[in-house]
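Mind looking over this structure? Questions follow.
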Amino acid sequence: MHKLKVGIYSLSSCEGCIVQILNLEERLLEVLNHVDLVECRVLGLKHDDEVDVAFVEGFVSSDEEATKIKEIRGRSRILIALGDCAYSGMRFVAKDFGTSTIRADPINMYVNVDYHLRGCPIDSEEFLSLISDLIHGKKFKESSKTVCSECILLENKCLLDKGFLCLGPITRGGCNAICIANNKGCFGCRGLGDDVNISAFIESLKSKGISIPSYLLGLLKGPGYGSSQNS
Amino acid sequence: MVSMKNPYIPTKAIITHIRNETPDTKTFRIRILDQNEFSFTPGQFIQLSVFGFGEAPFSIAGSTNEKELEITVRRIGTVTGALFRKNVGDIVGVRGPFGKGWPIGLMLRRNILIIAGGLGLAPLRSLVHYIILNREEFGKVYLLYGARTPADLLYKDEFNTWSRYIDLHLTVDKGDNYWKGRVGLVTILLDDVSVDTEDTIALQCGPPIMMHFVSKKLKSLGFPDENIYLSLERLMKCGMGFCGRCTVSGRYVCIEGPVFCYADIKSFIEAIPEAGVEHA
Amino acid sequence: MGVVRIVELPRIEGHLDVEIEILGEDIRVRAMAREGIRIYDMILRGREYSEVPDIVSRMCGVCSVIHRVTSVMAIESALGITPSDDILALRELATIGGHVQSHLIHLFYFILPDVLGIDSFIRLIDKNPGLIKKVMRIKGLANSIIEALSGRAVHPITTVNAETSFLPSRDKVYRILDELKATKNITLDISKIFLEAEFPDIPKEENFVSLASRDSINLLTGKISTTSGVMEPQAFLERINAIVEEYSTAPHFLFDGKAYMVGSLSRLNNNYPLLNGSARDLAKEFNLTFPSNSIFMNNKAQALEIVYFLERAEEILGRLLEKDELKLQSEKKHGNNFGLAATEAPRGLLIHTYQLENGKIISANIITPTAQNLKNIEKNASEYVRALLNNNFDLGEIRKQIEFLVRSYDPCISCAARFRKSNNLGKKLYK
Amino acid sequence: MIKKALRRIYKDKLRLLMGRLSEEYNIFSPKLVEGRIIFDRIDDVSEIINEYHTRPVLPVKKLFLPQRETLFEYEIVDNDVIISDKLDLVAREKRCIFGVRACDIASLQILRRFFSRGPGDPYVIGRLSNSMIIGIMCNSVFPSCFCHFTDSGPLPKDGFDLFLVDVDDYFIAIIGSERGNQIASKNEDIFLDANKDDALAIDNKVKEIVSLMKSPPVVDQMVLYDAFVRSFNLDFWEDYAKKCLSCGKCNFNCPTCYCFDIFDEVDLDLRKGRRVRVWDSCHFLSFTRVASGEIFRRNRSSRLKQRVYHKFVYSVNDIGLISCVGCGRCFEVCPASIDLRDIITKVLCG
């Protein structure tokens, strides 16, 4: 079988998504048995030619980067946005919905994105299932669960009930509620889930006496970023 | 103790023939291994496994008198994508048949009006074959079939044969240079035939939007609710009424359907817009 | 002779171009950070202080632990909170996990190809799978330490503090301890690759800056040691200044108007007597002497630190396990709303300062190790180019050597990038 | 007054009994795991909690229909597929589930009835028939409890082997099955004769619990059914839909929600794989999405109604039982605090 040629690229970012991939350790070796990693600056690999799959982390903050992402798209069959920077311009992490004057554009403002891997950083299990789908020619499907529903499957104690802010009910799952499992409210880094009800969430926070962070009001207007390929 | 057969385990089957129908549709003929025959009622479906990719429901499109079964598949998802990469001789898995098919008992000696859109002809093809085999058992039979373009018409090379036994009418949404037939939605074909609304059973299968308009039109023509049947499309994962994904108004499409009588659907408390039934 | 531009220097964290300009006797090297603006100092303004650790840990995917810990310590200082010794010990553990994984990435994924003359670590998958697996095992161990204490290896979820009192289960701790013991020889083995490697020797008088230590090599607290003496972090802050170079999206720093170096080598140069255990034995075995003035020794210093840190982790864990209960209650006095924390990131001295008002951040200043090193990189590289030219190296070889030299600083541009070129943001952000 | 046979078990003998049972059965019980009480396999009877004042977030359902279950594994060899059935494992395991409350026992009866339809689901039914159920009566009431309304507690009608009622220093054990009876007669040193007042004690206890419960006024279940049927198109559903977050939590911790998804997982080399089923939620948009992209319950209110109507109407049509057991877990965890009892009251008021 033809091995997929894979490139990993980064725009402005912390490169944590690449580190998350490297952190797969021996399971990465197994992946590398099935794909050809041909290009990755961090690992010293240069290719400058066509690839089957391009993973791109980071956002576009300059014209040079806009050119770069277009150049990568031009020579890749499938392009995947890695992490919150690439799919929303880091808005879900920075909780900045529309007020920023800093240029931090999601890559889908410039090119078509085939799949998103959400989160800050990406979830390595989700990365594995995406790469497995690509190897097998399947369509990758994002989790349709909310973080809240993944959390209850782990039988965690609800942080909202304890009076802490947790964005679990409106955030797209796929991370196995890792923050709540670590006793920390969901940070919302995976963006919004399907058909979430933000105004109802705000009401529910009010009734629990949890103060409403201002960015939630910004979200009500719709972030306009990170729209999923499922919708 | 538990010694029941595990109904989740598919039976192995082998692809014996693949025919291209349209650019994105193929008909697969499948022989179930270790099984001499495969009996089903037209309108029933099977769950087909492509190992590694999953399982998906497909209407049976072939004839009831054949030992092998046929399904017509459009490439849209994971399982269909994988099936399209399969070749003759490859192994797949089959469970079924599942569900209730067309109401053949009721249709005997009555006139039949079949309305199909696009891929919706697949579960009706096995019915057409059944009718042709047992032609004398039925009254007048009309088949009204619409597709997006002439290239999207399924089973084209069977039309001549069919026409000898039944009244076949075709339409396309958009014609091409060679198309001499009707252009428009399948409902326009209803204007071309004059059916006895009192003694005709109408059967339909197609995209939700088509069935929606066809149901409305049939009602306006005066068809009684009891004489209209349609095949509903829902996501069936288990096929046995357990996974809960295919229910409409609490009814399991996988066991009570996919073919439902319009009168039944009208009594559902949940609206079924594709049947033209909207409550409240 | 002209200009050589290394575009997007491979095998470092972040985007850095290096320009070597040779005009007769005049040799200039420019370290041009290319990363886009990631102005965390700005993003933080107006935020609740509780949001800061989550946001600043996103500055860097390799050293997210230390950014998180440093921000928490700076905010604690603004609020008048003094963390207990046990909390500090747990934070040191998490930090050690972060340092070891960062050093391993730097040494094996970034530097080893220079040593072996290959382009990428992944070429070894076929040639030396045993080595790859050893490195991955130790890196996995380092990550499991972070995970146990902070929930996730990249962008840790929690910081040990009195509020969340997140503690790893004893099970996890024992598993880590077992693995620490089981992998001792592997750690020594892989470190030796760098200790025995021959690196170019370019002795240069340097100003090595790090935290000053007393009992063990300090990572989280303490004064700052420079060639001009040991001083309080605040005093140090007053003697450095940020320079806006129009070609770089990261600021360049000078101390008393001079370039200086932070990082592993500075730590060992300033604290060598505290290096103990196997790391000390290894230093002797390989005749390494500190202080050392060669930047290439930074790689060996990191290799020694990996050994030292993992032994230190074992020691801390053992000590904590002996206690029936950890003291997580911190002391709280009235804070004055200004907080500063100076810590040691894997790449060297890191300073976070925050000014609060009514629980909100009104200004923040994050001074990263790489930004502090950039001027030193330029100075050192220029002199190295001169030395190479004198020895008749051609441009291709010079380019390679400069890449190696820059890489040896283990620069991290993601952290350092702060403002866009050709604007004056830097002047607003730094005094 | 209770008609079933009664025995007494002194509390200090309970672990002795469980210890003996553990020789034959794998024991499952509410157990303390990292500060939470959850149903789980226990290795040592000392882990059994016989007085727990909270309840597991996930009901006992998870032991019969696991969140994630491998239905079968397969291996592709040349052009053949070798399927290995995982049902054997289910069939072999004898289990004793201790500490099940009446509401959860009632839910198992509903699941049993549901999964016995048609060809039957051999995994769920296999586990149900291999499991001994030792229930325990609630000593206190949670704010969300209304099992009296759904006629599923505080005392279970059937579906258990033994049911313990906590009375001071002993339990009154209600013998619920022949299997329960055998356990009692085999362990005569533990199962002592009941006092003639014990039946009365149970009665009083039930009355006390019921009096504490915030339950809507009890109505005949057919009245409830009719009221729901009549209310389908009333406007108040939209008010609930405005509050609902569609987060799906109420599905996952409902003792009777059983809907699931099935998919294949496969190794990277495409040789070995498994067919897996996982719980799914009718609150998710994806639940009714078919291959062509059509979504049949796009409105939030239609999804919310699907869940509620399933409990009080569809289930009655299907298996002759309402499938709400009055545990109130769904609104205990609901971030929007949508209280099912309010819905019921609204529906009954028309």
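Going by the order they are written in, the chains are A, B, C and D; count residues from 1 in each one.
Here is the rule we use: contacts are C-beta pairs under 8 Å (C-beta built on N, C-alpha and C of every residue); 3 or more make two chains touch, one makes a residue touch a chain.
On a predicted model such as this, the values are computed, not experimentally measured, just so you know.
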Omitting subunit A while every other chain stays put - resulting connected groups: B, D | C
Taking each chain's C-alpha mean as its centre, the one farthest from subunit C: B
Nearest-to-centre chain - CA centroid comparison: A
Of B-D and A-B, whichever chain pair has more C-beta contact pairs: B-D
Separation of subunit B from subunit C, taking each centre as the mean of its C-alpha atoms, in whole Å: 65
Intercentroid distance (Cα basis), subunit B paired with subunit A, Å: 40
Subunit A and subunit D, separation of their C-alpha mean positions in angstrom: 36
Shared interface positions of subunit D, touching two or more other chains: 266, 270, 287
Per-residue multi-chain contacts in subunit C, two or more chains: none
Contacts with two or more other chains, residues of subunit B listed in rising order: 52-53, 77
Overall pattern in which the protein chains touch one another (line/ring/star/complete/other): other
Which chain pairs touch, all of them: A-B, A-C, A-D, B-D
Residues of subunit C touching subunit A in the complex: 8, 10-15, 34-39, 42-43, 48, 51, 54-55, 58-62, 64, 101, 105, 109-110, 113, 119-122, 125, 129, 132-133, 136-137, 139-140, 143, 150-155, 157-158, 164, 166, 414-415, 417, 420
Of subunit A, residues touching subunit D in the complex: 30-31, 33-34, 132, 135-136, 144-146, 148-149, 152-153, 155-158, 160, 168-170, 194-197, 199-201, 203-204, 207, 230
Complex interface listing, subunit D residues touching subunit A: 35-36, 38, 56-58, 67, 242-249, 251-253, 266, 268-270, 279, 281, 284-287, 300, 333, 335-337
Residue numbers on subunit B that touch subunit D, as the complex places them: 1-10, 12, 49, 51-56, 76-77, 80, 89-91, 93, 207-208, 233-235, 237-238, 240-245, 247-251, 255, 269-270, 279-280
Partner subunit B, residues of subunit D touching it in the complex: 71-72, 74, 76, 79-81, 83, 85, 87, 90-91, 114-115, 117-123, 125-126, 129-130, 229, 232-233, 258-264, 266, 270, 273, 275, 277, 280, 282, 287-292, 294, 296, 302, 305-306, 309-310, 313-315, 317-318
